[in-house]
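In what follows, chain A forms one complex with chain B and a second complex with chain C.
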Partner chain A sequence: MKLFAAHLATLKAHFRIIFTYRGMMIIQAIRLILLPMVLAAAWLSIEKTAENPYSDSDYLLYYLLVPVILNLTDSRLVFRFPLAVRDGSLSRELLKPFPPLSGYALESIANNLIQLIYLLPFTIIAGYLVKDRLLLSHLSLQLLLFAAVAVALGGLVRMLISGSISLTGFWLEDVTTLNLILNGGIWALLGGMIVPVATFPEHIRRFAELLPYRYMLSFPIEILTGRLSTTEIWQGFAVIAVWSGIFALSMRLIWKRGLKVYSAYGG
Partner chain B sequence: MTESQSESAIIVRQLCREFKVRQKSEGLAASVRNFFSPEYKTVHAVANLDMRIESGEIIGFLGPNGAGKTTTLKMLSGLLVPTSGNIEVLGYTPFNRDHDFLKSISLVMGQKQNLWWDLPPVETFEIHRRIYAIGDAEFKTRLSELIAMLEIENCLETQTRKLSLGQRMRCELAVSLLHQPRILFLDEPTIGLDILMQKKIRGFLLDYHRRFKPTILLTSHYMDDVAALAQRVIVINNGGKIFDGRLKELTEHMRPEKVMTVIINNGEFPCQLREGCRLIHREGQMFRFLVKREIVGELAACLYSTGQIADLSIEDAPLEEIIGQLFVSDNDSAATAQE
Partner chain C sequence: MQALEYRGSFAFSILANFFDFIFGFLQYLVFFTAAQSIAGWASNDMLVLYGVFMLVFALQFIFLYPNLVAMGDMVNSGNLDLLLTKPVNAQMLLSFRRISLEELGSISTAVVLLSWLVYNGTIKLTAAGLALFAVSITSAMLLVYCLFMLLMCLAVILERLDNMAQLMWSMFAVCRYPIDIYPSRIKFMFFTFLPFAYVASVPATALLGRANPTTVFAGLGIALAATFACTMLWKKTIKAYTSAGG
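Showing the complex of A and B:
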């Protein structure tokens, strides 16, 4: 309970800080919205093949929700933690009776939640403008709940992947390239950023369904399109649980070894 | 091991910490060579350090830059893992980062901050209260005491980044002491502060120690801090201990003479100079001598009896000079031993 109160106080502190950086938040929101808008326009303008299970309505719903899901599952750990190792500010966290990585994770969560203030109005207005082309009659409370859980779990697995990459900052001076490879390029391709995973050729789709990337973006939206059965949704949750376990373990191992080489640079 | 088994707050045995530092010669060819075959040099930041500090002591932990002071403090607070040797702080092994241990210590670094940069100090205090699970009543009492002692009531609600260095340092001390640590590691707490603020911080630390009796390990390049606060000094050089004792013992050991400055009214120096008294400077009617401690009283009495004295002062050599001399003699003996 005391630990929860400490986490809550830290989260609130990050909320207060982020509110002081409004300009930066607007720029971030624009960045999140632009690419999905371009992709939606591209997919709507081309002729779909017979094998493509997605209708225009699906594409519209998909790319309307991409900025929101993208933001909610985002993790800033990979940018903040290696910097803290380099400038020595990690020392400050290590001296507190509080899990050191929690502070960075909470900063990321606070950032994602506040970003919704900028993203949701855009999504609602854009949704209203194309409401005649959207088919939402299949949406139920159960689907919404499944999607909400999928977003939370997708955020968790992305945080753990980012965490594992960021902890290599104990050894590497710059982890951004590693992040671009493991958590950027592959994720954009196999997570459903460029092309929705459901529209992949079957063998690639099956492969993507086994990797963690789909669950950080495409999976919650696939749930909302109503194209996944309850069994497929539970299978998805199981895959997330396995990957979360793997990355949580990897973080733990890297953390233990990393602390031993940490030199507390810069004081 | 639990604290009840140990009277000492800090016990350090044969502590060593090495760093591997990559070496690189100048030029492109050396860079290419170094890329394929990097060369490393092992730096012994702390070497076989032994020390024992009792509960409630204030220790001045001194040494030149690079002597290993901050590395030792980081090992004592659990930030660094020793290469070898043992450390017990309040019966805990610091590097295990036990939460009870972390709640019992505080590390204040003059050049680093614990306050949240974008929030006013009062909000950092609140977060600190939650993290250290300080009860409401205790928190209120401690905070109001610290606010009064440190005179910070006017800056509590100003964003930290907008505070002056002196205000920030006092707020740093407040947040570091809110959980009432039993051990306080102070690394250059007065660095960059003006003389008035240095004095204020020293006064506060003395007052705080008198009231709450924490064990304090202080490093500072300002010898006034050390002279005002430390009951005992531990001096290290090249990672090893070269002196451990009272400041007075260090002064007497390194400088068996006192500096006597005499200004006479007119004429020649009125007393006969005997063995153990050496003139080091003269400017008009002002004479400065190095006088052996045992004959200082005798010489002063002689001078006063002449009725020719306009002014007379007797001082120890400046502490900076004494410590500097200690480092030089340690480096000389290390060089001789190597030969």
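Showing the complex of A and C:
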């Protein structure tokens, strides 16, 4: 209970810290919105291949939601943690009677939630502007609930992957390259950023559905487009559960080993 | 030069840039698994666009980007004050003080990609085409410099600017796809007030031999005007700058 109160207090503190840098949040919002808008324009002007199932309405809904989901499942752990190892501020965290990784995770969550304040108005306005071309009649409470759970799980898996990568910061001086490949590159290609996963040719789609990346972005939106059956949704949840297990375990292992190597700089 | 002191991390960043390029390339391949052509651009045309885009941005990353990062730090730490008191042109010093050689990897891959496209016949080299390309790439570089200046001013105003690499990239996400994909009003905007069209699309059309000379020279005019305006804005911003704690 005490630990829970400590978590809550830390989360609140992060909320306040982040609010002092509002200018940065607006820039961040622009960053999140731009590429999806470009991609939406791109997809609306393509000549489709025969097996591509998405209509214009699907593409619009998809890329309207991309910035929101992208933001909610984002994890800053990978930028923060290696820095803490390098500048030694991790030592300070380790002394506190509070799980050190939780602090970074909470900062990330606080950041993502506050970012919504700057993102949602844009999404709502953009949605209103294209409302004649959006078909939303299929939305039900059940779909919304499924999507919310999917976002939470997607965020979890992303945090665990980022966490595992950032913990290699105990050994590597620079984890950004590793992050770029595992978390950035493959994620952009097969997670549904550039191409919605559902519109891939069959063999690529099958493969992407087994990787964890689809679940951080494409999956919640696919649920909302109403094109997934309940069985497919549960299958998706199962895949996320497996990946979460794998990465939670690997994070734990790396953490234990890493702490033994860690001696702070100058130690 | 500063980078050469840390050789291990230098090699790593070259590798990172290489992967950046590869992933950028793969994005187009993946894109065309679900699309046949986009606003009249076939997949080979898109590669020309990507080659030009990479060329412009590699140059930007070599010459401008390291200075921008340094600027963000300097405002935050107050070191900017020291620099402003020096009896030299602060804009020039801040713009070109550092260069980053890490991007040599991506510039050479961009050149290889473009050469290959010449070889396979997508780019047909003609004197007129090359001349238009030279003019349009100059305007492109000037416009990128303008964006750089705007971000520098923003760094001074906001007092904190990190994650600049990502910000730069996303600003230029607009240039990664041909300007023809946008609805006509937005397209008009990109050719005039927000001249993103001239950064990659117009030089690419010059290489593809379908550029309109009027557009190319309009681009040069806009680029020159924008450079002038940004220099003015920079001077104003520095005048209003009150330093850390001010």
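One rule holds for everything that comes next: the second predicted complex is superposed on the first by the 265 of 267 C-alpha atoms of A that agree within 3 Å, B and C clash if a C-alpha of one lies under 4 Å from a C-alpha of the other, contacts with A are read in each partner's own complex, and residues count from 1 in each chain.
What we mean here is this: contacts are C-beta pairs under 8 Å (C-beta built on N, C-alpha and C of every residue); 3 or more make two chains touch, one makes a residue touch a chain.
Only a predicted model underlies this, so the values are computations on that prediction, with no experimental measurement involved.
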Put chain B and chain C onto chain A via the superposition and say whether they clash or fit. fit
What is the value, to the nearest 10 degrees, of the angle subtended at the Cα centroid of chain A by the Cα centroids of chain B and chain C? 90
Answer with first, second, both or neither: which of chain B and chain C does A:248 touch in the superposed model? neither
For A:17, is the partner it touches chain B (first), chain C (second), both, or none of the two (neither)? first
Partner chain(s) touched by A:9 [first = chain B, second = chain C, both, neither]: first
Touched partner set for A:262, first chain B, second chain C, both or neither: first
Chain B versus chain C as contact partner of A:199, first or second or both or neither: second
More chain A residues in contact [chain B versus chain C]: C
Tell me the contact category for A:94 with respect to chain B and chain C: first, second, both or neither. first
A:180 in the overlay: touching chain B, chain C, both, or neither? Say first, second, both or neither. second
Distance of closest approach, chain C and chain B, by C-alpha atoms in Å: 8
Show which residues of chain A lie in contact with chain C when the two form their complex. 21, 23-24, 27-28, 30-32, 34-35, 38-39, 41-49, 52, 173-174, 176-177, 180-181, 184-185, 188-189, 194-196, 199-201, 204
In the complex formed with chain B, which residues of chain A make contact? 2, 5-6, 8-10, 13, 16-17, 20, 88-89, 91-92, 94-98, 259-260, 262-264, 267
Please name which positions on chain B make contact with chain A in the complex. 19, 70, 74, 77-81, 97, 99-100, 102-103, 105-107, 109, 111-114, 116, 118-119, 123, 126-127, 129-133, 187
For the complex, give me every residue of chain C touching chain A. 8-9, 12-13, 15-16, 19-20, 22-23, 26-27, 30-31, 33-39, 154, 157-163, 166-167, 170-171, 173-174, 176-177, 180-183, 186
